[in-house]
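Next come two complexes, and both contain chain A; in the first it sits with chain B, in the second with chain C.
Moving on, here comes the complex of A and B:
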């Protein structure tokens, strides 16, 4: 009984300490009425959903995955296919194969589309996950990377369904700042719940010591599969939201570069903690925003510098320096609750 | 039956196996999958443009020197500080480095691909028993064979080579018996850089331009080839890279027209299948954790 109370309080503290500052900052940003700032904030929040998704699997299991963007892509395209107004569909997809023709006849509201696409992606994640979770280390990395390439090639070349290089257009643009904020809060709550309860603790145990975990009866493939499906579903949620935010996208939107960007944010924040996932996104996004401002208008004494690629170059350089200075990431893989508790003096054994 | 595509497949396979070797060598010594390796090939490409008007020996020597210099710089400035971090941190470091070099090239040489004057002497073709073989394919095959023999001799007969192999087996143990890790790792980066420069010369010999994004696809192939071949095993890496090139060319030649655009999807599905059957790669080195 006592332990279950502390589980809930740990969940509330972790989720609350992460979500409340984000809610406050987002609210403040919305008050500025600065359209471009609000856009950047929305994008950052959607990216945060994807990074938290990756954390749920990679952070808790310690197994690298390059596949999360593939699931974001599948969900974005699925949701687009079922939410584009039915009267527009025949002209957008004139060559739709017969077995998918039923897709052209109906339209669902965007929230329903997102739900259906997340559920559909979860099923694919389950099917792909059953064989893939048996791999660890770099083999897992390459396995998931190979899956990403396969999905990318199929989405790029299956023009009749995905419109290939001519990009998906006419997708309802409904994701707003508040949708993105709601999604982040929801996903933080889910991810925090997962890692303070039994299911997630078991997966973390396999990360810390696989043999010890097995010796107390934890099945590594089963725990990884749970984490994998949860992770891919969250990534899918982010992908579907992103699709309804940018409204025009192709397979190139969900590139290997985006994959690494997401992994980089997670590692820079600190792999292994939810706090790391959140902090990584905030730090990288704020940096990118500052650099972009320098490139377009200059800040204070720094004049405007006009050179395409400069922003990305400096960003990569800063990321590199952060990694060299703190190889374990900004948070070192610890949760925000461990600092708060230490400051309150509740855990003297940690402080000593 | 037209066997032309087999010649092409062998040519591509040989080039890919070289690419893979350069990446796998560094991995086997320090457990780093160097994503910036592809950017070394890209830098090699720009060196070729820079040295295009020089005599051929100076072009080759200059390209190798430039690429090896960058390779050593990478090791010293970026990878040495994270050497003891997790594999994931090292991987992301190399990715950040790759991004940096790529964007640096974009700022320095512009967003548009730089034209490269073709090496007309390499496109001369010979006909042997009905098959057309270009000088470039012959050059690739000969160079790959020479590099493989050279690497085998280096690893087996020289002092630094034996130290390298010892570090591949067990870095900690090698350090205990007095092998200087810094020297061995630097040596691995020199060899890796040399191979990247050779790959650049062979790769760009048939291209008409060099772009800041040229390195991306190369490292992907090498990365995948090294893992399916067998991490930590040089023979495995060469084999894995060769198979990537060979199978890809064969798929492009043999698949029915309407499926040909999906050649990459078939190739990478095969990669997943190979990994599931042999997670340690085709030739798994003993003691390598995967």
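Moving on, here comes the complex of A and C:
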């Protein structure tokens, strides 16, 4: 009697197969000492955190969310407010409202700031999530988009706290390539764990067949809420890291354009699998890198094409092609473990 | 006292009456078949018992308690599990995962694990393919999984909505063998079927449902002649 493969081994296979290549590639890139390449690699890793965050909810529940960047934004601003050195704060925030004056008196180390901002954002995600998880399909999409717009407007207009269009400055710049790598590995481990354990499987079950899920006693709102809060917290983590990477940012940084970029990466990789989230980021980033090179100097036989916007246009075209030719994305919504199993017949499959 | 008792159950979708006035009961340890043609309201009846659809009037009692109007989750917790029409397994979860999510309403994780191992023993094909995506199973295997998934909640009453639909005759045979085995082990079963002859042969008692819920009820108990007779009457009725 063959027993089911243990949850731990599924988790280890999925997380390991995804994380190890990323660790190796990042290490190799660090060896090049190419400052601009390392910068772009860092950005790509931070984006990967956000894309994985979106996957945890949208990929597992099948409910699209346009709101993840809003949570990244909230966390970035929150962490900035508590990590900017206390002596700089009075001049940066001269009009801080009285009830928030306490924010000016202290400062915390960046890792603590990131932790607090993620926790704070998780609470907001919970409050927003309670009504949102009852919506499905188009209504859910519009609800999350509305939330993004609301946060955009508040951050832009509430100048006393967010500095509005004057942008956040003086934010400690501490995120490094290694921080970003550590964050990706941690987030892959968390997302994989969620997926192979009961909570995540129940959410996937609601995505597969909501009525059948209800018939076996799964509560759709409760499972969606868990996924939503986990997802928004991961997006927040990515946002806070990003804030401490670029050090100067405004509401425009966390735009609808970034939202669509993140969704595009998830869709190109394959909505429905963690592997898709990771592959989507890598493919889009590598492609963007190639296009950028063509734009600036040409590659081998390909001459330099001096066309600003080439990158964006080609990416949009590829997104369209993927949507038409392979709507389930490059991975077809399957996990890397299912290919390894087919080839070698040993790695256990993981629900995607 | 019957385990399950429906009286005067009326189910409407908007203005359309799907079931007029249905009386039906299932006793402890009994295997009851509810047969009837497409569209007579069998699935609506199952959904009403399971709490997915709310009847407009009548009463549904389980172990003497009124369950009409309760949430599907609450009814499942009381001990009524459903194998829905069309199987509806989770194709992109593995077989093992389908089983464990079937135990969602049970709080003891260790017990759920134990039940899952028991299911894999009882249904060897599920044990064999435990780590395979459920969508890769054949129709008959998926039906076994759907039944096993429902059993994971340790129900006192199992409702099955047309489990033989779309299966090859040989596989249908297997499904009925399985139901018979379950009954021998003391399960109470309400089986909905269009496949009248086989259902009547297997069941202790059957109800014949006609449009709106007019019903004949008789003991079946493996009486082949009776089954054939009903079958032909039933087929005749279908043509009329």
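Observations, loosely collected:
Everything that follows uses one rule, which is that the second predicted complex is superposed on the first by the 339 of 352 C-alpha atoms of A that agree within 3 Å, B and C clash if a C-alpha of one lies under 4 Å from a C-alpha of the other, contacts with A are read in each partner's own complex, and residues count from 1 in each chain.
The working rule: contacts are C-beta pairs under 8 Å (C-beta built on N, C-alpha and C of every residue); 3 or more make two chains touch, one makes a residue touch a chain.
Every value quoted in this text rests on a predicted model; they were computed, and no experiment measured them.
By the touch criterion stated above, A:119 is placed in contact with neither chain B nor chain C. By the touch criterion defined above, A:127 lies against neither chain B nor chain C after alignment on the C-alpha atoms of chain A. When the two complexes are overlaid on their common chain A, residue A:23 makes contact with neither chain B nor chain C. Of the two partner chains placed around the shared chain by superposition, chain B is the only one that A:143 touches, whereas chain C remains out of contact. Taking chain A as the reference, the larger set of touched residues comes from B, when chain B and chain C are compared.
Applying the stated contact rule after C-alpha superposition, one finds that A:328 touches chain B and leaves chain C untouched.
Legend: residue contacts after superposition of the two complexes on their common chain; A:216 is shown touching chain C, with no touch to chain B. When the shared chain is aligned, chain B comes close enough to touch A:64, but chain C does not. The residues of chain A lying in touch with chain B in their complex are 58, 64, 131-132, 134-139, 141-143, 145-147, 149-150, 153-154, 157, 256, 260, 263-264, 267-268, 271, 307-310, 312-313, 315-317, 319-320, 323-324, 327-329.
Those residues of chain A lying in contact with chain C across their complex are 1-5, 198, 201-202, 204-205, 208-209, 211-219, 272, 333, 338, 348-349, 351-352. Put simply, chain B touches chain A in their complex at residues 33, 78, 81-82, 84-89, 91-93, 95-97, 99-100, 103-104, 106-107, 111, 212, 216, 220, 223-224, 227-228, 231, 261-262, 264-265, 268-269, 271-272, 275-276, 279-281, 289-290. On the side of chain C, the complex with chain A involves touching residues 50, 52, 72-73, 76-77, 81-82, 84, 88-94, 96-97, 100-102, 104-105, 109, 116-117, 120-121, 127-128, 130-133, 149-150, 152-153.
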